[in-house]
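In the two complexes below, chain A is the common chain; its partner is chain B in one and chain C in the other.
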Partner chain A sequence: MKSNILQKSDSFYDIFTRKGGTQLQSTHYCPGCGHGILHKLIAEAISDFGIQDRTVLISPVGCSVFAYYYFDVGNIQSAHGRAPAVATGYKRSNPDSIMISYQGDGDLAAIGANEILQAANRGEQMTVFFVNNAIYGMTGGQMAPTTLIGQKSTTTPRGRSAQNEGFPLRMSEIIATLEAPVYVERVMLTDTKNIARTRKAVRKALSIQIEKKGFSFVEVLSPCPTGWKMTPVNSKKWITDVLSRYFEPGLKKDVSEDRQPVIQMRPQPHFDQYHELLDIKSLSDELKDIALPEIRQVNDEIKIAGFGGQGVLSLGYALANIAMGHAYQVSWLPSYGPEMRGGTANCSVKISDLRVASPIIDNPHTLVAMNKPSLKRFENDVQPGGLILYDSGLIDTAPERKDVQVMGINATEEADALGSTKAANMIMLGAYVKLRGYLSKDYILKALPLIIKNKAFTELNEKAFKRGMELAKI
Partner chain B sequence: MSKVLIKGNEAVVRGALLAGCKNFFGYPITPASEIAEAAAYYFPLLGGTFLQAESEIGAINMVYGAASSPFRCMTASSSPGISLKMEGISYIAGAELPCVIIDIMRGGPGLGNIAPEQADYNQIVKGGGHGNYRLITLAPNSAQEMCDLTMLAFELSDKYRNPAVVLADGIIGQMMEPVEFPEPVQVIPERPWALKGSADSHNLVCSIELEPDRLEEHNRKLQEKYAGISRQEIRCETIHCEDAEHIFIGYGVVSRILHSVVESLRAEGIKAGLLRPITLFPFPAPQIEHFAASKKLRSFFVCELSAGQMVDDVRLAVNGRKPVHLHTRMGGNVPSVKEIVETFKASL
Partner chain C sequence: MASRNHIFVLADECKGCGLCIDACPLNVLEFADGLNSMGYRPAHYKGDGCSACGTCFYTCPEPGAITVIRNVESLEKGNCKHCGKTVFLIPDSRDPSRKRCIDCHQLLNEK
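Now for the complex of A and B:
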């Protein structure tokens, strides 16, 4: 029979130099505290399982804030209650690690209740050790979410009352109701028998993670003689007689036999593939064989407006793309923020041979109005000498401005005649290109299918664009 | 020229992945959600992690965890979400970890609205969390810079082991412009301090230090680092400033509007210039001091989408040598060129 020699685990430091001060071989924990015992059981398991070099332990806020003084593993000290989120971040980045989230009752069940619930529910590959001593030890004995009804603390001087503070939270039972967790058990640090049970639970919880089966949770009822103002011996008795009556020890959930290891395969594309995978495809690279007209002095500020669904944003997008392909400077800005008042969609496109300063258009050179409200709203903004293109089929009153060029295009009806109302925007594009004259028709016909990728519209868009050019009579 | 017409918010995600970022943790919020959405699609394709966290607090703490690992990580949000992240940001700065945070600012205070504002200046540049920390803050004003400054943010963040923020507004995020994407960064600087396990001697990430002398020493070390950043990393753009009598100062979308203002004033024969901070921390104070000392210069004119937050830093740099005028819009309103020109002329 194998004999166990009791000695310090390799997963503890020999001397606790991080602690500072003169007593470098004892812990900062009070006499009779349960943390030391649980630390030992965890350190022993880490060493026995040979996972010391890949274990990261999260020290919470609470008495175990200094767990990193003792554990010779990777250590992160986290904010109050956030240990499961921190562990999630590290584990996702470095999946071969073993994550231990070591938390107290205030940390886990009060300020960090959401983090633990969500990490458990995602089935994060981590092991949580939840030390429940029914009190805030570190801050001097205030009420914890697990403080019992009637139990006195510095913030429940007359005892916890259900009316005022609600009931103690049974976290193991709550976690056990979730689908994802693999193993949930409550144990207690009272006597040799129960410490042995705790040891078993610690090892089982870590094994589950080593086997990549998922989330495991061990709640440990642990004595706090200082916070409870009891002797260590009476503290253990109080756990047995009182605390464990409300927080019943035992197995709450175990599906470790049925769960298969979750191993994520991650693609590792070569750097050469990055641009392709990121859909970084340049129009001008694809159309580099097409001769382009020379760059002219252009400074057009185009406001395109209409109902949602008339394709005003995609008309602007297509126009900006085409102009960019001709090596002009462009910007495209959708209606956004306060501009969205009034129910019309609009976008602002700037096209220039020089760097575009402001992308915002206060006074457009060109207005493409696809419905009546849009015309009404923007007509008076158009710069003198500018251009108003409007859908004369949908807008029965022509623009009143005499100082701008006005052209009605029966875009929607013409698009219907070609087969779909949706092509009205491409008719407007054709009209714009014809009237402004600085963009190449051949280029656009090649570019359109690359810009508007839906193949069902390729032929229709081409016809509509050509029709628009015909309709715009100079 | 191989350019792609793309939204600023989407350029951020491409830039991050081209910078070798492996982990994205985020929470949906308008007007920054497109960043999370694009990240959800592209990060896994390149072997990275995307995780929608349970909260902004969850997301920043996941970043804290991932930032302790050997790989680059980021998050993105908008003003109210950034407020929630402040606790975590303080921890990350205190523990001297690198990460990139994108803030697409919206209207506040409180729930405010989703329209563009620049009222996060103080909480980002001056530090919204507790303690004496600074965040490297980059302010893009184009879709191209949304990519480039995101990549730079990763570089500076690693170089100084400090969180870096890309501080943009809703317009810069929503606007599409041509972007030329660089080739991917193939070699990420070594991270000898990252957590691996006990075999590594530097195996602790923490921000706690009970001993006052040691915590003071840590703070002094941080301040030295920030002073070094201030000496080394200021970036700003000047347009027509050399002979300017009036210099306009603004960042983000405001700098684009001010560019139009300056061109329009120049066309009238008024010697106007534009100084655009690209880094907000470090702030281009020496550059402003230089112009403040110039005999030709008559006034500075600051424009912000806030009640006036950056203007404090401008006034500190100008130090009373020249008048500093301020034009502000809030609530999601954006000033027109005409409006700024009129206010400016009234200030003469």
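Now for the complex of A and C:
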């Protein structure tokens, strides 16, 4: 006892305000639940170490899902079993934070078993408190990976059998076999002596993280009087007499003396490298000498649709890149089925002199329809006064709309005449550029080989683009 | 000689699990006669014999139900507006200026 008073830790909220709660001073846990005891030990350590303002506790799914109602620290509630992944992301971007992943056995050993193994194996700087009560408590006592052989649960009413459900998972032993973890210990919340051991383990695990030494893991055998259908006092006896026989308490691994602190820096973004990695540097670099037309007031929303293999997505991609090279704001959003060839495909391209708020297009200004189903599907969505470009060779019925500009281009046949059907999309590009008139022809001819890198098509694409410009009659 | 230490159980936060009563090495805790506002029978300090070992505090699953005080005489004394007596006052961990009456458990200067 440090002072003369042993009382509620100041790492707990004053009042546990929560949804649906009536008694706001006490927790929602059942009488005799081990969570409360562990909460107190953790809160006490947080206060004593002075880390309350930089601690982030990840609540799991399970009984302790509401831990964020109690701990006055940073709180994140993660998806079932994903606390170590969330903690990894948070810690890596905020290396000075203290990450506590608080998980139950259903959360950590079942749905989140892979998450914890990978995080432990990477040696993430976090502290995991694994509360093992040998069942799924919150949902009403179903079998968990940690349920003992012969133990009855609502899903193993005749007792767990090794033949049917396998053996209980000893998570501490599994984690201790990994190279990276620094400290792994199993403790239990039973008598005074073992609660004192738990307290020590909690503090040791947190101090390893404070010293930036790496991953620490504390498994806590915890009573669940409600799920076990026992009195709180008998629950403690059951841990001592039965549960701890299989899950043997004790230190499983401690290499904290040998490990040096690993100082992690907050990652800094390198935008210059992004450009290089995304291969968009070459475009702006190689074409910087070409005079570009002045930016105009443009707000074109273009839907390009056809079947897979027609170059629908490439056309949109090229158009968006060209416009971006002209310093317009753009977005390109492809939409296609699982097939690489065939099936329907479409993409949405937005080009604007102002920032693009959303890449989604419901009512395009321009529709480029490369086959009949696409025209049918999107024709009525085009805004009045808009433009419909369609492949008049493949689509035998012209669009019926009278309130839009309609132009048929025999793109597929023209492309065939040039040497390959695949160039039909470039013919459409030429037609679009001619009709809209705000993009530079010289720039495009230089940019196309940089955007569509397959050298076999360079010459063909150039011819097709020029042909498209000729075919589009204003 | 009567013990100068004290165990203070906030009856309405206690869920009557009995762990502290079971764990107390000196057997100075017992169940109260009545029920609390939640309907549980809370734990209760017998009034004497506590050695302030803290076992009940660490066994109790409720964050704020038990407070253990070593040497009551070290506490500040004051008048409780609720029970009218001159009593020892327990400071709050989060806000030491806020104090609770050791006798009737009421907060004196609630904000």
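To be clear about the criterion, the second predicted complex is superposed on the first by the 258 of 474 C-alpha atoms of A that agree within 3 Å, B and C clash if a C-alpha of one lies under 4 Å from a C-alpha of the other, contacts with A are read in each partner's own complex, and residues count from 1 in each chain.
Throughout what follows, a residue touches a chain if its C-beta (ideal position, glycine included) is under 8 Å from a C-beta of that chain, and two chains touch if they have at least 3 such contacts.
Keep in mind the model is a prediction, meaning the values are calculated, not measured.
Within the superposed three-chain model, A:H365 lies out of touch with both chain B and chain C [touch as defined at top]. In the superposition on chain A, A:K236 makes contact with chain C only, while chain B stays out of contact range.
Of the two partner chains placed around the shared chain by superposition, chain C is the only one that A:Y70 touches, whereas chain B remains out of contact. In the superposition on chain A, A:R92 makes contact with chain B only, while chain C stays out of contact range.
In the overlay built on the shared chain, the residue A:A320 is in contact with chain B alone; chain C does not reach it.
In the superposed three-chain model, the partner touching more residues of chain A is B, compared with the other of chain B and chain C. According to the touch criterion, chain A has no shared surface contacted by chain B in one complex and chain C in the other. Interface residues of chain A facing chain C in the complex, by the touch rule stated above, are 1, 4-10, 12, 14, 23, 25-27, 29-37, 39-41, 43, 70, 191-192, 195-196, 199, 225, 231-233, 236. Put simply, chain C touches chain A in their complex at residues 10, 12-19, 22-23, 25, 37-38, 40, 52, 54-55, 57-65, 67-71, 74-75, 90-91, 93-95. By the touch criterion given at the top, residues 1-5, 14, 17-18, 22-23, 25, 31, 42, 44-49, 51, 53-55, 57-59, 61-71, 73, 87-88, 91, 95, 113-116, 170-171, 174-178, 181, 183-184, 186, 195-200, 203-208, 210-211, 253, 256-257, 259-260, 263, 331-334, 336-338 of chain B touch chain A in their complex. The part of chain A that touches chain B in the complex is made up of residues 11, 18, 20, 52-56, 58-59, 65, 68, 72-79, 82, 85-94, 97, 114-115, 117-118, 266-269, 271, 274-275, 277-278, 280-285, 317, 320-321, 324, 327, 329-334, 336-338, 356-360, 362.
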